[in-house]
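The next part holds the structures, each set out as structure tokens.
Next come two complexes built around chain A: one with chain B, the other with chain C.
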Partner chain A sequence: MDKLIIQSVDKSFGRIRALRQASLEISTGIFGLLGENGAGKTTLMRIIATVLKPDAGEITLGDIKWSRDSHKVRQILGYLPQEFGAFKNVTAEECLKYIAQLKGIRGSEECLLQTERVLKEVNLLEAKDRKVGGFSGGMRRRLGIAQALLNDPELIIVDEPTAGLDPAERIRFRNLLRQLGKNRIVILSTHIVEDIEATCQSLAVIKNGTSVQFSSQQELSAIAEGKVWTWKLSNADYNSLGKDVHVVSSKIHKEYVEARIIAGVKPGPEAEETEPTIEEGYLVWNMEQE
Partner chain B sequence: MNLFNSIMKMELLTYRRNKLYYFTGIILLLYLLLGGYHFLREDYMEAGVMLQGSSYINMSAAMLGLFSGIMAGRRDKTAHFQEVLSSLPGDSVRPHAKICSWFIASAILTLLGYLDVLVLFKMADSEYLLFNKEILTYVIIYWGIPLFSCGVLGYFLESAISSNRLLIPVALLLWLIISPFNMILYPVLPERVLQLLNVGENDAQAYYDEYSGLHISGNYIKNALVFLLTSIALFISEVAYKKRDETGRRQKYTMLVVILLAMLFTCLLFNSMNWTEHAEDSIYYGALDNIPVKRSGNRGLLIESCNIKISFTENSCSYIAQEYISNIYDRRIPFTLYHGLEVISVKAEDKNIDFERKGDILYLTLPEGMEQSLITFEVRGSTGNLFPIYENAVYISSTFPWYPVPGEFVIAQKGFPYGDVEFKNLELEEPAKFHVKIEGNDQFYSNLEEVSKNEFQGLQKGVSLFKGMLISKNINGIEYIVPPDRVDDIISKMPEIQGKISYISEIIERPAKKVPEKIFVKPEYSSFHQYNYIFAQDHITASFSRYSTLNDIKGVFRSFYWNDIYREADNAHAYIFEIVLEYMEEPEKEYSYINIFATENRGDNSEFLQELSTEIIKLHKLNSEYLKELLRDMYGEIEKNPELPLSYWLDKIDELKEKG
Partner chain C sequence: MEHGTRIKEGLVDIKGMGAFFYIPIGIMAVNAVYCYLTRGRYGVPIEIVRESYGIFPIICISFWISCLFEDLLNSEGREMLLSMPYKNLEYGLKRVIRYTLLYIIIFYIFFALAVLMIGRNVVMEAQDIYLPVLSIFFYSAFNFLIAVITRNSVTVMTAAGILSMFMYLTRGSASLCIYPLQWGNPNPFFTPYAVGIALFTATLALYAAAQMLFSNRDFLMR
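Let's look at the complex of A and B:
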């Protein structure tokens, strides 16, 4: 399958430069976009989803050029925006059928079939006749995922899909994503590194509108090589750690606390160097940028 | 097209699921019930009045429209649905689909309103139901178009104004500007513009004018269409503007549409600016000299036959009249034709001849030696306000010289004692063969016989032509041509009118006039009793509104025993007959004119009227039969000598007193 190529995309909102020369090459599989709040993830995804037009740059997938063929892009696209909702007084099924029709699925039979299929995938089949206005936040999100899956899109863009999902649904969704990623491009943005750990083959990190691409998770975690330490401390010692010590995570045991710490040099005598995670790689990368 | 349909279906679904529309439906239903209650039980409201007085429906429609439009524009955003929708095919047709579905929603509401009105009128058993086409037009102009256009405008505003804080005030301001209450902005904007902007009745408390019927003539339709087109043009240009990034054919096409719409709009704008108004007869004739002009009459000039082809436009008519004139006594002959009608050309036997216009008189200069001739007049113009032409109503009477009447006559003059304009009876002395053909499809009524659709003919002394919200009814052999819901009133008054006619005929010892078998009822022109009836040879025109007193003896006398013929001299005598008759009916009535004049000084002729009234009261006290004798003698004397001075009344009274 063709690669999705993003070339030097620029986008400004007034004075704010949300994207600066963002360039990515995305091939079949799940691609993660990591970045802090306001980094420009959503902006990039909206541009890929043809909701926004870039000020400069081009996106291509095979012969499809975004600047020229936005109508073609829309036919092969499944998009879950960061905030998704639908008309309050419309049922889940009606809403999906509507989107199915817009996506060009012909025949009410086929629409119904697809609607049922995606509802099953997100575990919403029971709620299909309920009005969207009465949905919980997580249910609405799942409906959003469902609509993105309609018409078997070649390109799926999901912006923070797992936000607001309970653990069971989150795991369910990750499995679904893995399935989808087998034969299509899925772009996923998230703050939750676990999502990426669980699903992504390759990823990119965005900061202040600039993107850096990593070919694998290891490439990102390797950045923190030699800078991550585990340290078992007593409760009292743990509480008296100075502010300058960067604790990434800590596990509280009965007698002691096991903390993971990022530091250029060994932070204490009992500290041991350990294998960094991608979250730590990301954090170190972020610190290095500043 | 599939996309368009899907979007429309979804939009309609959201309307169907929106409580606001059910609420509106319920309000309409309530209106039906409450309206029905007033209409049926209290019975003070009439069908036309009710419809015309429904400005608040028009205003609520505008309000509902604006907010529905804003909501339609907002719906996707507020539901956080927009992101997905704008990444889907069909995003570019969405605004249009939204407007189309709003069109359907507003059409349904309008239809509901229309049915509502029909049911209401049915419940009230009103003849207005016969004018369901007119009612539909009214409902569309005043309810439907504002509802729909305001929806489009609301959508436009929502899209054009990004500030939330500004949007609602602007929408409310717009609502005020397009409502009948926009006159409060009068110092800021010129009146014409305000009139044009107003999508409702010109006046929120518009008094229903039976005369011209519902306000649905071309100007009103144009006004509504201008509004509709403007809002659509604004909408289209806004959508085009938002899409300005996408270059290419589509944009050029939209620009073209916008330009076309703008052009159409400007044309209509200028077109609807010229609201012609009727010349005020009271001003024209009021400015004439008080002393009546001497006219030479017709000196035997005769119309043998008259063939008229006429067409009516907004406030005027144009026609070609071919009159076969005999007994031509001179090369220069006069005709009488209302001054508002302009003569364009005159031909005698197909040759153009010279003519000269002096007010109401038209002088022709014929070729030498003609004794009779076919004279062709080309005329156009308006007919003034007692016998008006409106776009959807025409009331011209056979007693009125709307076609050239041979001879030199006075059409109207200032009346006695207050100087109101009084029209004279200018029916021909001898019947002529009339043939009138009216262009167009509107239903006309005439005293002549209808030989085919809007073609009339007959041997008569004149032609009356009526058009309007009128119904023809044949009851007990009498043909009534009446506005809706009026016939019962007039029938109930007929015996009393006939009674008064006989009463007067006995007093003045003249044969009792028979009420003709054709009665045209035209809406009231003025409350002056002079215009209660126009008595023509073969028909009468009763000017009538719900509250007018058709059976006033003054009006009966004036119509049946004074204006039954042409009387050139001052009408002062008529006035005295009237007030004496009124006094005789009920001498004790405090507010009869005689009793008032006897005690108060009033008007220009106050001294004379005071003296006369006092004398009449004295004479009545002496012997009530003397008053009858006075009227009979005076009526006869005036017939012999129309120029009799007013003081003759006092002489006559003295004479009678001496007798007693």
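Let's look at the complex of A and C:
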């Protein structure tokens, strides 16, 4: 399958420059786009989904150019935005059939087949006759993925899919995403590092509208190599740690606190260097940008 | 699109409108009863029907049009819909016109019912056909444009209400014969033919503007 190539995409909203020369090359599989709120992730997702037009730059997938072939892009695309709140007064099945028609699926039999297939894939077949307005947050997200799967798209974009979901729903969703990435391009945009860790083969980080691509999770975590320490401290010592010490996480035990710390040099005689996680790699990268 | 699938798509649209689909129908039904109860009061029977059906039932197309695009323009799910490969003309203007025609059919069913309920000889004129049709289309076009610009169904209905009040109070004297309430609340200085031409022209312009904006997904996303 062809690569999705995003070249030097710019987008501004008035004086706010949301994207600055964002460039990525994305192959088949699940690609993570990680960044804090306001970094430009959603703007980029909307541009790929053809909901917004970039001010400059180009996106291509094989022969398809976003600037020239937006209708064709929409035909091969499945998009799950952050919010999925449409069609509250109809049942899940009716909603999907309606969307199937918007996507150009012809014939009521074909519509029915595709609707049932995607409902089964997201485990909502039994709820197909329930009104969408009565769905829980997790069910609505799964319905959102179901509509994105209609017409078997080559490219799926999922924007902050697990935000607001309980842990069980989040795990279910990640498992579903892993299945989806087997023979298509899936772009997962999120600020939740665990989602990236659980699902993505390659990723990029976006900050202030600029993107940096990493070929693997290990490449990102390697940025924090030699800078992550575990340190067992007494409660008193832990509480007196200065603000210049960057504590990533801490585990409270009966008589001590086990802290993970990011520091350029060994923060104390008993601190031990440890293997960094993606989250720590991301934090170090973020700090270096600032 | 197949006929069968179009009907099913229509049912989803109607369900999506919720109670607002039925409000205009309820009003038309009530007006039919009103015509029956007041049938002895008027010298010219058709005037009962014009007065009953010439104001609110015409304005009430606003409920339908404002709700028709609720999901696309005003909901949390609009991004998803905006990324769909729908044809702009099919999903925009043609859809509005389909529902406007449906509304006109229902309007005339209740019009016929009211005429039957009057039980006297009701003499109709050509304006009893073309003026309500053009007036309903005018409101349909106006609401389509306001819906696309404001993306808020409450604003659409409020705008229709304000326009109607202004039109009713001025009897169209400030709007160059563009007077969609002429049939129910006539301005004696206007001829039905002149009002018909004005409404037709204004409707075309409003539909064109609305569809042009509707076709711009960047604009709809703002």
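Operating definition for what follows: the second predicted complex is superposed on the first by the 290 of 290 C-alpha atoms of A that agree within 3 Å, B and C clash if a C-alpha of one lies under 4 Å from a C-alpha of the other, contacts with A are read in each partner's own complex, and residues count from 1 in each chain.
Definition applied: a residue touches a chain if its C-beta (ideal position, glycine included) is under 8 Å from a C-beta of that chain, and two chains touch if they have at least 3 such contacts.
Given the structure is predicted, the values throughout are model-derived calculations rather than measurements.
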Taking chain A as the common reference, can chain B and chain C both be placed on it without clashing, or not? Answer clash or fit.
clash
Quick one: classify A:Ile185 as touching chain B (first), chain C (second), both or neither.
neither
Between chain B (first) and chain C (second), which does A:Cys200 come into contact with in this model arrangement: first, second, both, or neither?
neither
Should A:Gln101 be classified as contacting the first partner (chain B), the second (chain C), both, or neither?
both
Considering only touches as defined above, state whether A:Lys53 meets chain B (first), chain C (second), both or neither.
both
Identify the partner contact of A:Ala18: answer first if only chain B is touched, second if only chain C is, both if each is, neither if none is.
neither
Chain B has the stretches 225-233, 351-359 or 405-413; which one runs into chain C?
225-233
So chain A touches chain B in one structure and chain C in the other; where do those two contact lists coincide?
46, 49-51, 53, 71, 74-75, 77, 79-90, 94, 98-99, 101-104, 144, 147
Okay, in this complex, where on chain A does chain C touch?
46, 49-53, 71, 74-75, 77, 79-90, 94-95, 97-99, 101-104, 106-108, 111, 144, 147
Could you list, by residue number, the parts of chain B that touch chain A in their complex?
2-3, 6-7, 9-10, 13-14, 17-18, 75, 79-81, 83-91, 245
Help me check something: in the complex, which residues belonging to chain C touch chain A?
1-2, 4-5, 8-9, 11-12, 15-16, 18, 71-72, 75-86, 91, 217-218, 221
Chain B-facing residues of chain A, complex
46, 49-51, 53, 71, 74-75, 77, 79-90, 94, 98-99, 101-104, 144, 147
